[in-house]
Structure formats: C-alpha cells, structure tokens
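To keep things simple, chains are lettered A, B, C and D as they appear, and every chain counts its residues starting from 1.
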Amino acid sequence: MKKLKVVTLGGGSGYTPELIDGFIRRHKELPVSEYWLVDIEAGKEKLEIVGALAQRMVKKAGIAMTVHLTTRLDEALAGADFVTTQIRVGQLAARIQDEKIPLRYGVLGQETTGPGGFMKAQRTIPVLLDLCQEMEKYCPDAWLINFTNPAGIVTEALAKHSPIRSLGICSGANSMMRDIAGAYGVEREDVYARVMGLNHLIFADQITVKGKELTDDFIEKLAQGVGANQLNNIPDVGLPPDFIRALKLYPLSYLKYFYLDREMVEHEREDLERGVGTRGEQSLAIEKSLFDLYRDPTLCEKPAALSARGGALYSDTACSIISSIYNNKREIHVVNTPNQGSTPDLPDDAVIETNSMIDCNGAHPLAYGRLPVAVKGLIQSVKSFEELTVEAAITGNQHTALLALAAHPLVPSVEIAEKILRDYLAANRDFLPQYTL
Amino acid sequence: MKKLKVVTLGGGSGYTPELIDGFIRRHKELPVSEYWLVDIEAGKEKLEIVGALAQRMVKKAGIAMTVHLTTRLDEALAGADFVTTQIRVGQLAARIQDEKIPLRYGVLGQETTGPGGFMKAQRTIPVLLDLCQEMEKYCPDAWLINFTNPAGIVTEALAKHSPIRSLGICSGANSMMRDIAGAYGVEREDVYARVMGLNHLIFADQITVKGKELTDDFIEKLAQGVGANQLNNIPDVGLPPDFIRALKLYPLSYLKYFYLDREMVEHEREDLERGVGTRGEQSLAIEKSLFDLYRDPTLCEKPAALSARGGALYSDTACSIISSIYNNKREIHVVNTPNQGSTPDLPDDAVIETNSMIDCNGAHPLAYGRLPVAVKGLIQSVKSFEELTVEAAITGNQHTALLALAAHPLVPSVEIAEKILRDYLAANRDFLPQYTL
Amino acid sequence: MKKLKVVTLGGGSGYTPELIDGFIRRHKELPVSEYWLVDIEAGKEKLEIVGALAQRMVKKAGIAMTVHLTTRLDEALAGADFVTTQIRVGQLAARIQDEKIPLRYGVLGQETTGPGGFMKAQRTIPVLLDLCQEMEKYCPDAWLINFTNPAGIVTEALAKHSPIRSLGICSGANSMMRDIAGAYGVEREDVYARVMGLNHLIFADQITVKGKELTDDFIEKLAQGVGANQLNNIPDVGLPPDFIRALKLYPLSYLKYFYLDREMVEHEREDLERGVGTRGEQSLAIEKSLFDLYRDPTLCEKPAALSARGGALYSDTACSIISSIYNNKREIHVVNTPNQGSTPDLPDDAVIETNSMIDCNGAHPLAYGRLPVAVKGLIQSVKSFEELTVEAAITGNQHTALLALAAHPLVPSVEIAEKILRDYLAANRDFLPQYTL
Amino acid sequence: MKKLKVVTLGGGSGYTPELIDGFIRRHKELPVSEYWLVDIEAGKEKLEIVGALAQRMVKKAGIAMTVHLTTRLDEALAGADFVTTQIRVGQLAARIQDEKIPLRYGVLGQETTGPGGFMKAQRTIPVLLDLCQEMEKYCPDAWLINFTNPAGIVTEALAKHSPIRSLGICSGANSMMRDIAGAYGVEREDVYARVMGLNHLIFADQITVKGKELTDDFIEKLAQGVGANQLNNIPDVGLPPDFIRALKLYPLSYLKYFYLDREMVEHEREDLERGVGTRGEQSLAIEKSLFDLYRDPTLCEKPAALSARGGALYSDTACSIISSIYNNKREIHVVNTPNQGSTPDLPDDAVIETNSMIDCNGAHPLAYGRLPVAVKGLIQSVKSFEELTVEAAITGNQHTALLALAAHPLVPSVEIAEKILRDYLAANRDFLPQYTL
C-alpha cells in the first residue's frame, strides 16, 4: 500500500491533537507515514508544544508514522498527498476585533456569521491562495482539505481561483446527526439525513434512523425542545415551536443568528457589559489552559478538555473524508463543494454544503432540486454576500467590500456597513495585502 | 372603431379624477365610450362625490363618454374591455394598523414594504380573486389592470390563480424617468432606461437621454445628491455616495427602506412621538381635504392638490399601457408580469417589474439575463417572502403566514414575526375569510 | 429481520430464472420469504414452466422462500415490498412488427431505439399505470422496479403520472463496467465510472480502475478496438477511431444506432433479405429453446444458455439495487430516475440514466452539471422525442404521436413518420385502449 | 443631425443595389452621408460595376450621399458608424463545392443548412474576426450588422470572440410576415408574430393581423396549402397537413430541409442528374445576367430582376434595423442575438433568432420562456452543431470539426461525417488559415 504524506497548515493550533488522534485511530485504512505540522514563525512556540505532544501520542500508539515540525512550506509540501488547513490569520486577537467592531453598531459580532465572516475571509483568502500556488509547485496532485473558517467562502475562493483540488469541511452536519442520534438513543452511524445550504447555514430533512423515515417525528421533538442541536459555542436561545413546525426542516443551531438576530445581538451586548467577554476572548482563555495541559511531558493522548472548544467532531469528519478519497470509498459525506447544478436556485459555481459522494475524484454533490421556499431567500441572500466577499478578497476593491457588507441580511443599513468597513480596514491593515489602504 | 367599456373597481377612490383626466386627454386614441365606477356599499358616499366630479369633467371636455356609478359588479362587468382596480380593503383605518403594529416591535411600518405589504396582501388577494371569478362570467376576455398595492404580490396571485389576463402597474419607474429627465432638463419622453426588480424594489441602468448612454454620468450625479428620486411620500434620507457609486445602478427611492432600515424605523418612531402620525394618518387628512374640493359643484377638472398624494403619474402610466394593448402598439413599458425566464435568477412564474413590450397579447418582458450580484440576494429574498405571502393569502395557513413574515429581510427575528402576525390577525379578523381565526 | 415479499409482473418471462438465481444468492442480505410470479391468462403455460423451475431452484438452495404462481394481481400485490416488471405487451409477435414496419421505409427497426421504442411505449405504459393503480390499493408503500423497455420512457411515464415510488433499471451501464474490467483484467467491482444520458443512450467518463483515473487510457484502447462494449444483441460495427478520440467519452454500444444509422439500417435490411430474421425473430427461437430446457424436471439451476439473450447482468443489477434500498446502503448505482437538476440541460422532471445514491428513500442522482456539447444535442433531441412519446401514450392523441415520431433523430422525414404511425396503429389496434382508432 | 458613415464589406455583391435603394428611400430618417463599398482585389471588377450603378442611383435620387469604392479596409472603416457584411469567401465556386460534396454521400447539399453551413462558417468566421480587429482600431464604437451566412453561426462567433457590437440579420422572418399578409390581403405592417429559433430554423406563433389573434386560423390555412411561405430558393415540397396542425407553429420554409430531409436530398440528386445544377450553379447564372444589367450606363435604379435572387427583403430588414438603432426607436425586429435567458432551453450565450427590441444599445430579445417540446429537440441539436462549428472555426481543431458534422441531425452516420470533412478540408485548403492541413 502506498505511503501517505499529510501536511497540516496551522499545525500549532490547539485542535491538532484531535487530528493526530484521528489519524492514529484510522492508521490501518489510512496509513499516514509522514505527518508534517507547519506554522509561521510567530506560531513556533505553540507548534513545538503541540508537535511534542503529537510525537508522544504517535509513540504511545506504536504506529509507523513520523511527525515533522517546520516553518518551511516547501519541504513540508514536497510530494504531499493531503494538505489540511486550520489557520487563523491574525490569531485570536483579530477574531476579537472581528467580534467587537460590529457590536459597536448593534450588529452581530461573530466569527463566521455576519460581518465577522467577511473580515476573516479578507485576511484568510490571500494566504490560502498563496498556499495553493506553492502546492502547484510542490504537490500539484495533492488534495487541499480546508477546515479554515469561513469554510464555505474560503472554499468558494479556492474553487474559483486555483486549479488545486479542494473541498471544505465543517463538523456542523455531523453535530446535527449526533444530536438526532442522541434524541433516539442510537449511534451516530444509524442516522442519515439530507442536508442543504451554505456553511453554518444548513437545513436537514429526509431524516432516517436505522433506515426508518422519522423527519416529521424529529421535527415535532425539536418543537417540543427535545434533541435540539446545541453547538457548544452558541448560547441557548430557542426558536418558537410553531416556527419549527412551519419550517419542516431541521436547522443547524447557527441559524439562531439569523432567526433570532435581535435577541442574539442583545445577548452579546449583555455579555460584554457583564464582562463575560466575546466568544473570542473566552477562546483565548480556553486555549491558554489547553496549552498548559499540552506542555505536560507525561501527556500522551488528547486531553478530554479539548472537546470543550466545540471542535470534537472535526477530527472524525476530516479523517473519514480523507479516507473516502484515499480509498475511493464512494461514501456520502456533507462537504463544501461547488454546486454544479445540485440546486438550480444557486449559481453553478457557488460553493454549497450538501451531501456528496466522495471518491478518488473528490466530491460529487447529490442533486437536490429546488430549495424549499421557506429558506430559499435567506440562502440566496447570504450566497450573494459570499460571492461579493470572495470578489472583494481577491481584488481588494473597497466598493465591492462595501457591497458585500451591505448585502448581508444581518447588517441593518448601508451607513452602518460603511462604518464597520472603515473600522475593519483600519484594524486589519497588516493582514490585507490586496487592499490599497 | 370599436367602442370601449372600462370599469374601475374602487371607483370612489380619491385618485379617480386622475384616471378620468387621462381617459379624456387620450380620447382620440382610446375612445372609451362607457366608464363604470364601482364601489362597495360602505363607499357609496365617496363614489357619488367622485362620480359627480367625473361626470362634470367629461361634460366639460365634450367627448362621447358616459360615466356610470354602481355598487353592482355584474352590470358593471358585462361586456367590459378593461377593468382597473384601486381598492383598499379596510380603508385607511386598516392601513394605519398595518403601519403601527410592526412599529410596536421596532419594525418598519409601511404600506407595501415590510410586514405592511404582507398584511395588505392578505386582505386584498381574496377580494381580487373574487373579482376575477366574476370577470370569468361577465367579461372573460377583458384585461385586468391592477393598480392595487402591493402591486407585485397581488399580480403574482392573479397570474398564478386565475385565467383572467392581468398585469400590474406602478408609477415608480415612471417617477425615476421623470427625475432623470429633470436632472438633464429634458422631457420625460427623452429618457429611457432598463429597469429590473420587484414592485417597489427596482433598479435602473442603461440610462439613455435623447439616445445617448448616460448611466455612469447619472450615477455620479446621484452620488453627488443631484437628481435623486424623491417619491413624494418618502422622507428625505440619503444613501451614502460611495454606496451609489459601488452599486452602479439607480435604485428606486423605496430602496431606502431596505438600505437604511434602521434609520427609517427611527424616523418613523420619532414621527409617532412627535404626533406627526403615520403616512396613513396623513393620507386620511389629505383625503378629507380632497373630497372637500371634489364636492364643489363648480369644479370640472382634477384639482392641482391631487398630485400631492404622490400618484400623479399613475394616470399617465395606466392610460398609456391600456392604449398600447388596445392599439397593439408594441411600446416598451415597465410593468409587473410573470418572469418567464427574463432573469434565470428568479422563478419562471414569479411576477417581476421590468421593461416589457406591450401588445394586444399583453406584456412580453425583455430578456434581462443574470441579476447583478450586488442586488441579487435582496431581490431573491424579497421574492421568497412574496411567494410565501401569496401562498398564505390563498390558503389562510398560519404556518405559511409565519414563514412569510419570518422570511422578510426587514423582520429581525422569528419571535417578532410571531408577535406581529398575532397582532395583525387579531386586528384584521373581519377581512380574512380565508383564515380560521 | 422483517420478511420480504417480492412480486414479479411478467413472471413467465424466460429471464425469471436469472432473477430467482439472484435472490437465492443474496438471500442472507435480502431475505425474500415470498416470491410471487404473476402473468396474464395467455402466459399461463410459460408461467407454469418457469414457476416450476423456480420452485426446484429454491428447493435445491434450501432457503426459506416460497414461490407462488398466479394470474390474480390482487393476491400477489397484497402487502408486497417490491414489485418488478418484465412484461412484453403483445409478446414477441408485437416486437417483430415494431422492427419490420420502420424497415419498410428504410428506418431503423429496433426494440427500444427509433420508432420501435415509441410503439413499445404506447402498448406498455397503460398497462403499467394500471398496475400502479392496483399497487395504490394493495401495497401503496411498495417500490416498483421497472425492467420493462423502453425503460427510460416507461419510468418517465410512471414518475409523471403515478404516486407509486419507482425506478428504472437497465444492465447497460453494468455491461460497460464489465467491459472496462475485461480490458484491464480486473473484477467488475474494481471499476467505477460516471455515466450520463438516457436509457440506451449513455456515455461514461471519470473511469477509475482500482481507484486510478484511466479515462484517457481507456478511450485510446477503445479507439484501437480493444475493450469495446459489445452488448450481445448488437451487430459488430465499429465507430471510427478518430471519432472516439474526439468524443472523449465511452458510449454504450447502442450508440451505434445513432452514430452509424445508415450502416445499421443497411445491415438490418441485408439480414432480412438473407432470411436471418429480425432480432425479435431470433429471440423467438432462443426463447423456444430456453423453455425446452426449463421443462426438464431435473433442471434445478439457471441454464448457461440463458445468458445468450443478453440479459445476464439484469439479475445482478436488479438485486443489488433492491438490496441497497432495503438495507439503506447508500451505494452508487446507475438507474433511471427524474433529473431533479442533475443536469440543467434537461428538464427537471425528465427521467435520465445516471449514477445515483440508493437508500431507503430511493434514488438520488449525483449532480452532473452541463452536458458535454459533443453529445448534448443528441441527448436533448431524444429526450424531446421521449417527452412526446410519454404524452402520446397517456393521451392517445394522434397529433402528439406524429410529433413524437417526427421528432426522433432517426426518422428522416415527416412523411415517413406519418406512414410508420399509420401502419403501427393499424397493427397494434388490440393493445391501444387510449387511442380512438 | 449627425452625419452617418456606412461601410459595406463585400460591396461588389449583386445585392448591393438593394441596400443602396433602401438607404436612398430612408434618407430622411437615416441620413447616410458617406457610403463605402469595400471588396477584395479579386472582386474589384464587380465592385466597380456595382459601384458605378450605386453612384448613378444616388445621383438620380438627388440626395446628399457620396458613394466610395475601395479595397482598403482602413480608409473605409475610419470613423464608420455602421459596417454591414455580405461577403462570400471563395465566391460561388466554393458554394457549389459545399453543395456537391455532401451529395456524393447522399447528404443534403445546401448553402446554410446541413454540412454546407459548417463549411461556409469555417471559411467566413476568420475573415470576419479579422474585420472586427480592424474595427477595434478604426471604429471601435461602430455597429457590425452581419448579413453573411450562416448568419446565426457567424453572429455567435462574433458575439463570443469580439468586443465589437454586432447583430445578425436575415430576411426569413420578414418573408413569413409577408406571406401571412398575402394570405389575408393586408400590408406587411399589419402583421406581427412571435418568432423563435435559430437562423433558418425559426417558428412563429402569436400571429396577429391588424391586432387580431389569428394563429389557429393561419395554421389551418397553412395545412390547407394556402399562404405557405415559399422562400424563392426552396423547391416546393409540402409538409403533411396533419403535421402542421399538430405542430401549431408556422415553420419557416427552410424547415423542409429538416422535416423532409429524404425527399429534399432525393430532389437535389434528381436535379443534378437532370443537369439543372445546384442552387449555387443557378445563382452563378443569375449573377451573370444581373451584372450584365448593372453594366448598362443608363440604368439608374435597382432592376426588377434582382428580387429573383430571393433577397428582396434584405434591404428593408437591414435598413429598418439600422434606423431603429440610430434613432433609438425601440421597435421590435427579429434578429440574431445572444439568448441571455430569453429561453432557458438554450445556453445564455447561444445566438438565437427572435423578436427583439432594438434601441441605441442594440438588440434586447423578448423573454420567450420554454420552447415547445415539439421543436425543442431539433432546435437544441442544431444549436449543439452550431456551438461545435464555431469552436472548430476558431481553433481549427479537426476533432472538433468532426464532432460538429457528426452532431448535425441531417448527417446520417459518423463515417459519412468523416468522409465529408476529409473532402471539404481538401477542397477548401486555401481558405482555412486556422487549420493545419
């Protein structure tokens, strides 16, 4: 069996032990022989802490995998088979700004939904397109598996602007399946559903549990407050039961940012006033305590505390998709991939998040047909925002950037869009080579 | 030349003298011989006042037209060629409720945009579909020219649910052409532009003045505050100049409700606090003073004060379109008509407002192609709201009604949608035969 | 595990032993407990011969399955889980007429391609829609697995005109995979390809062998005459090598009827003159010899000679698809199912033949995107023929029937279409209840 | 009023006097002050004969227009407003080859339909794209009005591969309107109909005569043999009456080549055997006699014999469209222009022939919606042929050329396509710079 070289960009991330754990557990079907963790100079300390833990984990597992740490992209990429990304340009400090600036104007401050997603995309897309150019040189046939948020927007930029084969991954759909499984007391593998939408904006129907259609039943459970999807990092605010019944679809918990916009913004402002800090500030604290654990030279496995950051399913999602490509399994997974007509209600080249057959040629979305009218407009308007966001990230055109922010359904006025943009560009000056500032 | 019978439903409206004036001025090309004004029992007094004025106007003009007043639909419709509608189910009292209820929750209170358009559609659509059934009996080949707001939604309901041939009319596009003409000191006839969107949500480009392309020039004028479209009934709040330059399209002034939502709601709330009253309350006062004028038995022409209500262009728009059908002129007018592929970004059966060739077979929209991404999402999300609004108005299904309100981009939360719906249904109990309340 | 009841309409077909053999071999994963063979009164003798063989086969296998023979649809359908169809209305005598009548006018005489497909559809669709109505009564949740040709047209009629869940099956794609496997000396399971088109009009690309992309390699093999797909019942005429290279797709061997129309017709005429008989006449002889074998009371397995009829792969195709539904496997199979946007170049409700994920909710086609322009026009024109053929079969409208035949790309003139239709209707008088003849 | 400079490429064509006549008659609304006739060196003699006649015609008319003759493109194009083309690369000799080569193999030999259209496009497109490059230098804002056949294919090549604004013109639709007018004894201006399709492959419905819907009535007339469109250069073979009734559309007479392929080919072969010559050979004789007339120095107007060539309506069609652009008239004309969504059944960038509003921004097709299924497949398959033909003409790729010919519905086999291509390329060696031969 061919040996596998995997590279992770942003290797110093606190999530890395999850990934390592996944590769260790799947080593039989996915025989990774070289695993390269890459990070930038500024992230070297974290890279070394995480890398040492990774090496201890591999050693304890007793498998034939070597873990390499480097800040040099060229040696990491040479001959790679899969490259995964989990970078955070500007680190958590930038995220905290992304969150706080919109809140100044009474607008949602969140990492991926609302203006925050726009800003993160502007910082991230140029870096990942640079990575793609390096991949064209050093590993043109490798797959780029993008975890980096906003995963849908970033994947659309990659699909439109690079020949490198890529797909975007998020654990959202898996968390929904897990919650359905929980509601019925079965295993996650016993659950299947049809998912459609954009990253962090997905809806499920055709829910089957052990081969039995239970969509209506689960919708009623949801309406009654049982089995609601609670991504760890989203405050517990509920949708009105009659709205869920009317919708007849199971919305990812992120939909609260759209369906309960006013309440969520209010919640965020209260948190700020109470000194709880934004989600980014909380993450900073969690990260610190995680790295304190990682430093312990006796730790040889991923610590339980890691799942508290809400990414526990990422590892499973990523490793099983990589395995489906590598082993040409033709399994169905929910990924971010170009629409290609899956729904005629979105452009053919728009990246969507939907059930796709994964084989050695990548992701083949299942045809979905027309979007339900109840969610069509929301999905379409966010997709227009995303198209404009990608275009702005590529061109650095401030008019396009303004149109993007103004097009977001959570931005209540063009004047406010203009103010947020002004503050964002000023605060991110160092990370925006494409803009003339 | 064949004699023409025209019927106006809601004949007691204060706008009727405009229409009469239009028919008088075009009598040569549009030889209306019988003009029937119809109204309900409750509107009889106004019908008689307006009708008497109409008869005096016709007499003074010395043309061969008889004006009939009636509350009986059957005798009015028998053998009619054109039926126009300008009804207001529940009268201005209902409008004022439509405006005030959303404002309770900090949501735009406006006649056609936002929740107000939803509520007006629920009251209006059943009445107009009843009219269509009568037309099938008494004048199955007549054209229904719908002025009644929300004109786009109502026309979509008619197109989807009745075989009667109809099209929807609004003076918005004409007001934009007039304002362009004003900016260049030319006549309205010298101006042409391509318009696309939904009723009260349209954008223009390909602006030509005397056959010369001046789109960029006019956009810059707009950005500099010259030539802005000011529909009389919209407060003067401006879009940021850079947003206009980025947009590269000329938006109808109603777009302020979307692009400056927060500011417009603030403005409405201040008006309420200052006791200025909603736009509906102001209209009540204007209407009273208009009818005081109409009562004057020496008045034989439409009074100048009439144009203050913002509908001065309706008459021209309506009469010229009716003439283009009657005389098979193949002129280009902006009307509300089913998309039929004009833009692939909206459903084929969605009613849009766009340039259409008008001949004896009705409206044939020009192919527009893809919507500009800067406005695509907004138009699509409002269209989803409109689709749901039509479905709710037909079925009286409260779940669908909730989905409709929740889908509107100006409603900031599903909880608020639920409250507005509850209050709306309670307040409109008498006008909603399709709902089980 | 739930017991399974399977019903086969046209149970007296010579193919039935293949199916029985398939169910026996898969009994573990597909525990058919009752298998009902149904046929019409006229087919009773054949039903009894085949049924007795089936019972002997089951007995020898020693599994818990009972085989029932009946001419009563109601008792067969009651509580059924799957219904398969392999009927031939008018039997082989009708097929022979289907073949000979077009040849009178120099037009292809073939069972499913060309006018023959039209005529078979006119006879078959009413019978299968009657079956569906019975299924609504006796087994509304059962799946209808349609083998009956023309499988694509018939499945489109079922999907458009019945609520019964159905999908259409053909062994064509499997035969292509088998031939690819043969060319590389691997197992059929090692081969996967993407298939798109209409029944008997499919093209493959993205050919992978053991997970390796070999499309270009296989196309060159084809051009050089290696590995060509030779469905047993198609004379061996080759496509020009440069055409195959230009096409860059692997066409099903049936494509010869389109790409070498003149040569194939010539071939058929020579056969007739040489007294070889049409394919239908040859089948009559094969069938006779098959039934001679089946009558042998010592025969307890399907005879090797059966595969000579060209349907050897049917059993595998059918059983594995039924199992994928029953066991909710989410495997990828090539089936006939409504397009639903899989390719925007065909109507959403058009039945296509393409790779689909099969689970307990049925077939979910993979999104394919735009058709390659090299084959787009051919596929679209045959689909128009199919749409008209379905409409004619439902309505019995002779104008529509004429339009259908005239729309077929292999019919060289409307005058000839008219003559073929006249002769066809005269010859099939007994099988066309929907027509007024 | 701005003076107008018009240039005609292929000015030595026998049709030129028609155009001159048109410009003279419309001089008031279309004040052409300079009219340049351009031809190649080999056409100089004809250019001088036609040019002298043109100058005599203008002199007699006494209008302010100068007629210039030149073989230099640069001086002709400098500052031009409109450029029309009526070139014939390889002259009638090439046309005669286009006709005779397919007939060798029993395939239609015709100037624009069938393989002939393919071959003419290969010779013509490179020349016209060269012209466009010159226009970019000397008159980048001029309109290119393309008469050159195959008009639809050529216009698609221009639209896809040049920024010069162009539209394609054919008199076919006008001839249909004229024939309708003839059938009702009214003027051509009294007739209007909706037309859809591709050049020389159009269908009409919504036929109105003096504002009255008469589609069904005219279809019945057609079925009864009255009012059939008889383009002069098409032999009189009739469609079966029941087919016309079934179609419910009025097909251009060129449709006989598709609907009566076998009969038309038979007819052509008989003509060849009888020594009548192909249509190209007949044209050669007509052209000779026309130029004999043109040489007469006393002739000062277009001779009556000119209309015998079947292009009598070209002049009216062209001049009225040029005037609609120049005067921003917004009239409806049938032209060849990119689809842009007019029908979703063809690609957005496919050139179609349909009713379009013509203003100073060019052609705006009316939205047509879905194509009638009776003609959809034929139109789509010819469009695929056209797409491939354009691609082959641009790239000179012989594989693409083979796919194009093989895709044509009138080519009965890929082997024959290969032979025709081989013979065509050999015979046209001198006119195919894009091919490596």
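Simple rule for what comes next: a residue touches a chain if its C-beta (ideal position, glycine included) is under 8 Å from a C-beta of that chain, and two chains touch if they have at least 3 such contacts.
Being a predicted model, the structure only gives us computed values, none of them experimental.
J.: Trace the shortest sequence of touching chains from subunit B to subunit C and report its length in steps.
T.: 2
J.: Between A-C and A-B, flag the pair that has more C-beta pairs in contact.
T.: Most C-beta pairs in contact, of the two: A-B.
J.: Which one of the chains is farthest from subunit D, going by Cα centres?
T.: Max centre-to-centre separation from subunit D belongs to A.
J.: Centroid of subunit A to centroid of subunit D, CA atoms only: how many Å?
T.: Spacing between the chain centres: roughly 55 Å.
J.: How many Å are there between the centre of subunit A and the centre of subunit B, using C-alpha atoms for each centre?
T.: Between these chains, centre-to-centre, one finds 45 Å.
J.: Name the touching chain pairs, please: which are they?
T.: A-B, A-C, B-D, C-D
J.: Which residues of subunit C touch subunit A in their complex?
T.: 192, 194, 206, 208, 210-213, 327-328, 330-332, 339-344, 348, 355, 357, 359-361, 364-370
J.: Residues of subunit B touching subunit A in their complex?
T.: Interface residues on subunit B, with respect to subunit A: 106, 239-240, 242-243, 245-247, 259-263, 373-374, 376-378, 380-385, 387-388, 391, 398-400, 402-403, 406-407, 409, 412-418.
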